[in-house]
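One chain, chain A, appears in both complexes that follow, with chain B as partner in the first and chain C in the second.
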Partner chain A sequence: MTLVIGAATLVLVVFSLWTGTVSVTLPDTLRAAVGLHTGTAADFIVGQLRAPRVYTAALVGALLAASGALMQSIARNPLASPDLLGISAGATAGAVGCIFVTQNTSSLALAPWAILGALVAAVLVIVLGSRGRLEPFRMIIAGIGVNFVGTAVVTLILTKIPDNIVPQAYAWIVGSTNSRTWEHVRIGAIACLVIVPIALMLARGLRVLEMGDDLAAGLGLRPGRLRFVALTVSAVAAGLAAALVGPIAFIALVAPAIARRVTRSPGISVAASVLMGAALTVFADLAARELLGSAQLPVGLYTSLIGGPYLIYLIVRSKGAFE
Partner chain B sequence: MTTLEREPVRLGATARRGARSMTPWLVAALALLVVAVILSLCLGARAIPLGTVWDALVHYDPSNAEQGVVRESRVVRTIIGIVAGAALALAGALTQTVTRNPLADPGLLGINAGSALAIVVGITAFGIRGFGGQLWLAFLGAALAGVAVFAIGGRGAGMSSPVRLALGGAALTAVLGSATTALLLLNPDALSAFRHWLAGSLIARAQAPLGTLAAVGLVAVVLTALITRSLSALALGDDSAAALGTHPGVTRAAVLVAVTLLAGLATALAGPIAFIGLAVPHLVRGIAGARLGWLFALSLPVGAAVILLCDVAGRLVARPGEVAVGVTTALLGGAVLALMARRLTVVTL
Partner chain C sequence: MTDESRLTAQNLTLSYGDARVVHGVSLEIPPASVTAIVGPNGCGKSTLLRGLARLHAPASGTVLLDGRDIHERSTKDVARELGILPQSPLAPGGITVRDLVGRGRTPHLKALRPWQDADTRAVTDALRATGLTGLAERPVDSLSGGQRQRAWIALALAQQTELLLLDEPTTFLDIAHQYEVLDLVHGLAANGRTVVVVLHDLAQAARYADHLVLMSAGLILARGNPSEVLTADRVGAAFGLPVTVVTDPVTGTPLIVPTGVPAGRPQAKEKTA
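== the complex of A and B ==
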């Protein structure tokens, strides 16, 4: 089933590269997508405009889904996700702070700040959400609080940034894949190559952990340390995603849940989640590009408009079942 | 079922509190409000001495620039702040009481976001820019959002998990906020006009007729006064309350109307501001205890004072510019919420 999702993702990527206001032939698309020179418009349209965007979207989706899958596994709670718990907000605050201080908007410069912001937010959520040990519902309340503070800090810094980049600034708040470049793709690819395997390794231990701390300890795992490492990796992944495109809401929440439903697996499946995240983000990016014609709304808005109702559906369905 | 309570209070303290008169506290709250008003009129990008402020109000001299600042912008700001702050605090107190949920707040529950979206839809789709029309839209948006969030989080019967209501509110805020941002991004002129309002700001954006404000506020306050008794009875449970002669359904509907009026009014004036409704009732409850009448009465001046102080802080911190009051309250309130996460005792049944 995971392979099916992977195949679907690939098809979606190709489709996204192929469609658009300027039509290009499929063979040209495929050639330009891998960097081969075709001598047609496809070189620019696909190679320079669409491909970086779509690839970035896919990589970011994978990172976010990995982050969400890890966090949901740790919290044993389908509603735990870096964007609800303020970690994405912290990452954005770090990134925006970097822009404000260094006037540099390249992703390479933003990444460390975003990761730092994400880690600070994660620490706050952990500290405020534990009474001795990390309690899921308390974590959620603390997370909502940290989220609001993080968003407020972002808004605050954005009001200090020069007026000429106000629309871009707004796109930052909601997450955008507009005008991504190959630099973004490179960073995203490296990030994925590092994070996804680590996440897969952690996933095995986390699945055992879902059966209970004592049982896991009996099998030779160290629950506290495993949770700590997984949470760190999750925050770093969310931070990197935010550094590349800003905070894209709900992918981290929704992708693991849908993946689990589609693969009918009893626990969180990191591999399926990662692929599903890529697929969802590419789809949202396609919608952002094509749905409203000339009006290009940031992709983060589309993920919110889809993911929000889905979250509501999850909440309504889970009557009292997530303490 | 899990409920959240505040940490248990020693019985002696309660008894002492019950015997204490509340009037001195009301006087103190009003005094705090007066201080906040004075600060709001005097402080800002330019610090204007109290004497000049007094002159501006009483012996207005049009040629004096400083008096002009006071009269033109600061007085209006202060009035807007008082109305919005009081309204939000009362709305929060009402919501917390009827849902028996310490996390309820019109901003957190997405009610203000609903008002904001309705107003923006009115502007972008129908070109409604007059305050009167926007006020009605704000009521509509608040009502719809209120119904939606209670449907999500469980009917407002106190049986809903507080966390579920808060999460439902967060989700609703995200969806409605995204829709609002989307509409504004598609209409750049609207965006530039509403950028500040969207962050929550006391700057007078439209000519708000004082008469309308007074009328709406009065209706809401009178309504609250009328149902205070019923609300206290409701805390005993629906059946006991019915036995005591109150109608639970009617009372809850009245609360929804009052909250709609208050939240809609505040949002139409000052944009979606969160956390006043969350933080102020908690502050006041520490003094008023379980006496709803005093809780509501004290929330009004304390709410007004808190928002004015946040606004003053925003003006001082970023001279000569300012930080939107919505940002300051979010910073304050987010901290409050995060700390509450630590303090609250969980009772699992």
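== the complex of A and C ==
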């Protein structure tokens, strides 16, 4: 099933590279997409405009899904995700802080700040969510609180930002895959190459941890340490994703949940989640590009449009307690 | 098989925050037999079991596994020697019995040593021992309470540890399923495993335990052969309930009968043998 999701993701990526206002043949698209010279318009349209954007979207989607999958497993709750637990708000606050201080909106400059913001938020969630050890339910409540504070900090900084860079700051906050470059792709690829294998390695332990702390400890795992490491990795992934395209809502929440349903996996399923995250983000990016003609709405808007109803569906379906 | 105890507690004190729950208890677990820990609610029996399984760090005193402090050994190494089935573990939604039992192999797996034939064999054996072979591909959610409890025990069996600690494995089961689980426990000890089990029912504990530990208020009141431990005085003192002890007509083990009679119901004629 994971292979099917992977194949679907690949098809979606190719389709997204191929479609657009300027038509390019499919063979030219494929060649330009892997950096080959075609001598046609594809070199610029696909090679310089679409490919960096689509690849960045896919990589960011993968990072967000990995972040969300880890978070949901740790919290034993399908509602846990970096955007709802304040990690993304922390990353945004860090990035906006960077824009405020340095007046620089390049991803490379934002990345360390966004990661730092995400980690600060994660530390707050860990400290407030623990009583001796990290408790899943307490962690969610703490996260909601951190989210409010983080959002308030973002607003506060925005009011202080000089007028001339406010538009850039706002564009960044909504989350946009517009005008991404190969530099973004490079950062995203390195991030994925580091984060995804670590997440895959953590998954085996996390699957056992989902069955209860005592059972996991009895099987030779260290629940507190495992949760701490997984949350840190999750925060770094969310921070990197935010640095690349701004905070994109809901992918981290929705992708692992859909992946779990599609693969019928009992417990965390990193590979399927990552592929699903990539597919959903590429799809949202395509919609952002093509759906409303030349309006070019930010991708974050579309992920919210998909994610919002899904969140409501989760709440309606669960009839009370979330387990 | 030696007669030496592999698992011992020495002056073990366990507390939750400032509240001490187990007060300086010393205990040796006899090998290849069933040790049952009994006592009233809140007496510290589950906490003692968790302490023996290194899930609860001692406030003072030590737990020794093969003569070494259990907390100084790598927790993964301990997990290859000692299995614990805690109270109310969580079954992930949609998981099959085989998958659940397979997670008992966790301490034997490494990043560079993935699943092998030996792991499959351990799972197959555990399923057979618990009579779940035919249900292996069923989702755990669809099982009856007794079957589910057997699946959790199978997980602990797949861990292939000589020491097995079970925290109230019969809770929430009807009487037939309770005995089913206890028969399984008895069979494990007969095959050379060392089992420690926390139980609520004194008659069941007396019937199945080779070694009984009676606890009260964080202390061990008595331990040894069930018929020696379960006297009317001791049980009465531990539980605060006046009782008389009669002999189980089937097994000859002690059977506890409260002496208080419900109001308005006539007392039966004395018919002691």
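Here is the rule we use: the second predicted complex is superposed on the first by the 308 of 323 C-alpha atoms of A that agree within 3 Å, B and C clash if a C-alpha of one lies under 4 Å from a C-alpha of the other, contacts with A are read in each partner's own complex, and residues count from 1 in each chain.
Here, contacts are C-beta pairs under 8 Å (C-beta built on N, C-alpha and C of every residue); 3 or more make two chains touch, one makes a residue touch a chain.
The model shown is predicted, which means the values in this text are computed figures rather than measured ones.
**Student:** Would chain B and chain C fit next to each other on chain A once aligned, or clash?
**Tutor:** Fit.
**Student:** For A:3, using the defined touch cut-off, is the partner it touches chain B, chain C, both, or neither? Pick first, second, both or neither.
**Tutor:** neither
**Student:** Looking at A:312 after the superposition, I want to know if it touches chain B, chain C, both of them or none. Which is it: first, second, both, neither?
**Tutor:** Touch status of A:312: first partner only.
**Student:** How many degrees apart are chain B and chain C as seen from chain A, counting from C-alpha centres and rounding to the nearest 10?
**Tutor:** 90
**Student:** Please work out whether A:11 is in contact with chain B alone, chain C alone, both, or neither, and reply first, second, both or neither.
**Tutor:** neither
**Student:** For A:217, select first, second, both or neither according to whether it touches chain B, chain C, the two together, or no partner.
**Tutor:** Only chain C; A:217 stays clear of chain B.
**Student:** Kindly classify A:267 by the partners it touches after superposition: chain B alone (first), chain C alone (second), both, or neither?
**Tutor:** second
**Student:** Which chain, chain B or chain C, ends up touching more residues of chain A in the combined arrangement?
**Tutor:** Touching more residues of chain A than the other partner does is B.
**Student:** Is A:101 contacted by the first partner chain B, the second partner chain C, both or neither?
**Tutor:** A:101 sits against neither chain B nor chain C.
**Student:** With the two complexes superposed on chain A, say which partner A:22 touches: chain B (first), chain C (second), both, or neither.
**Tutor:** A:22 sits against neither chain B nor chain C.
**Student:** Please indicate which partner A:207 is in contact with in the superposed arrangement: first for chain B, second for chain C, both, or neither.
**Tutor:** second
**Student:** In the overlaid three-chain picture, find the nearest pair of C-alpha atoms across chain B and chain C and give that distance in Å.
**Tutor:** Value for chain B versus chain C, nearest C-alpha atoms: 16 Å.
**Student:** Overlap of the chain B and chain C footprints on chain A, residue-wise?
**Tutor:** Looking at chain A, the two contact sets are disjoint.
**Student:** Show which residues of chain A lie in contact with chain C when the two form their complex.
**Tutor:** Going through chain A, the ones touching chain C are 76, 201, 204-205, 207-208, 210-212, 214-215, 217-222, 264-267.
**Student:** Using the touch definition from the top, list the residues of chain C that touch chain A in their complex.
**Tutor:** Its residues touching chain A are 50, 53-55, 74-80, 83-96, 99, 103-104, 106-107, 109, 111, 159.
**Student:** In the complex of these two chains, what residues of chain A are touching chain B?
**Tutor:** Result: residues 79, 84, 124, 128-129, 131, 135, 137-142, 144-153, 155-156, 159-160, 166-167, 170-171, 173-174, 249-250, 292, 295, 297-298, 300-301, 304-305, 307-309, 311-312, 315-316, 318-320, 322-323 of chain A touch chain B.
**Student:** Over in the complex, which chain B residues touch chain A? Could you list them?
**Tutor:** Its residues touching chain A are 1-2, 103, 108, 151-154, 161, 163-164, 166-168, 170-172, 174-175, 177-179, 181-182, 185-186, 188, 191, 195, 199, 274-275, 318, 321, 323-324, 326-328, 330-331, 333-342, 344, 346, 348.
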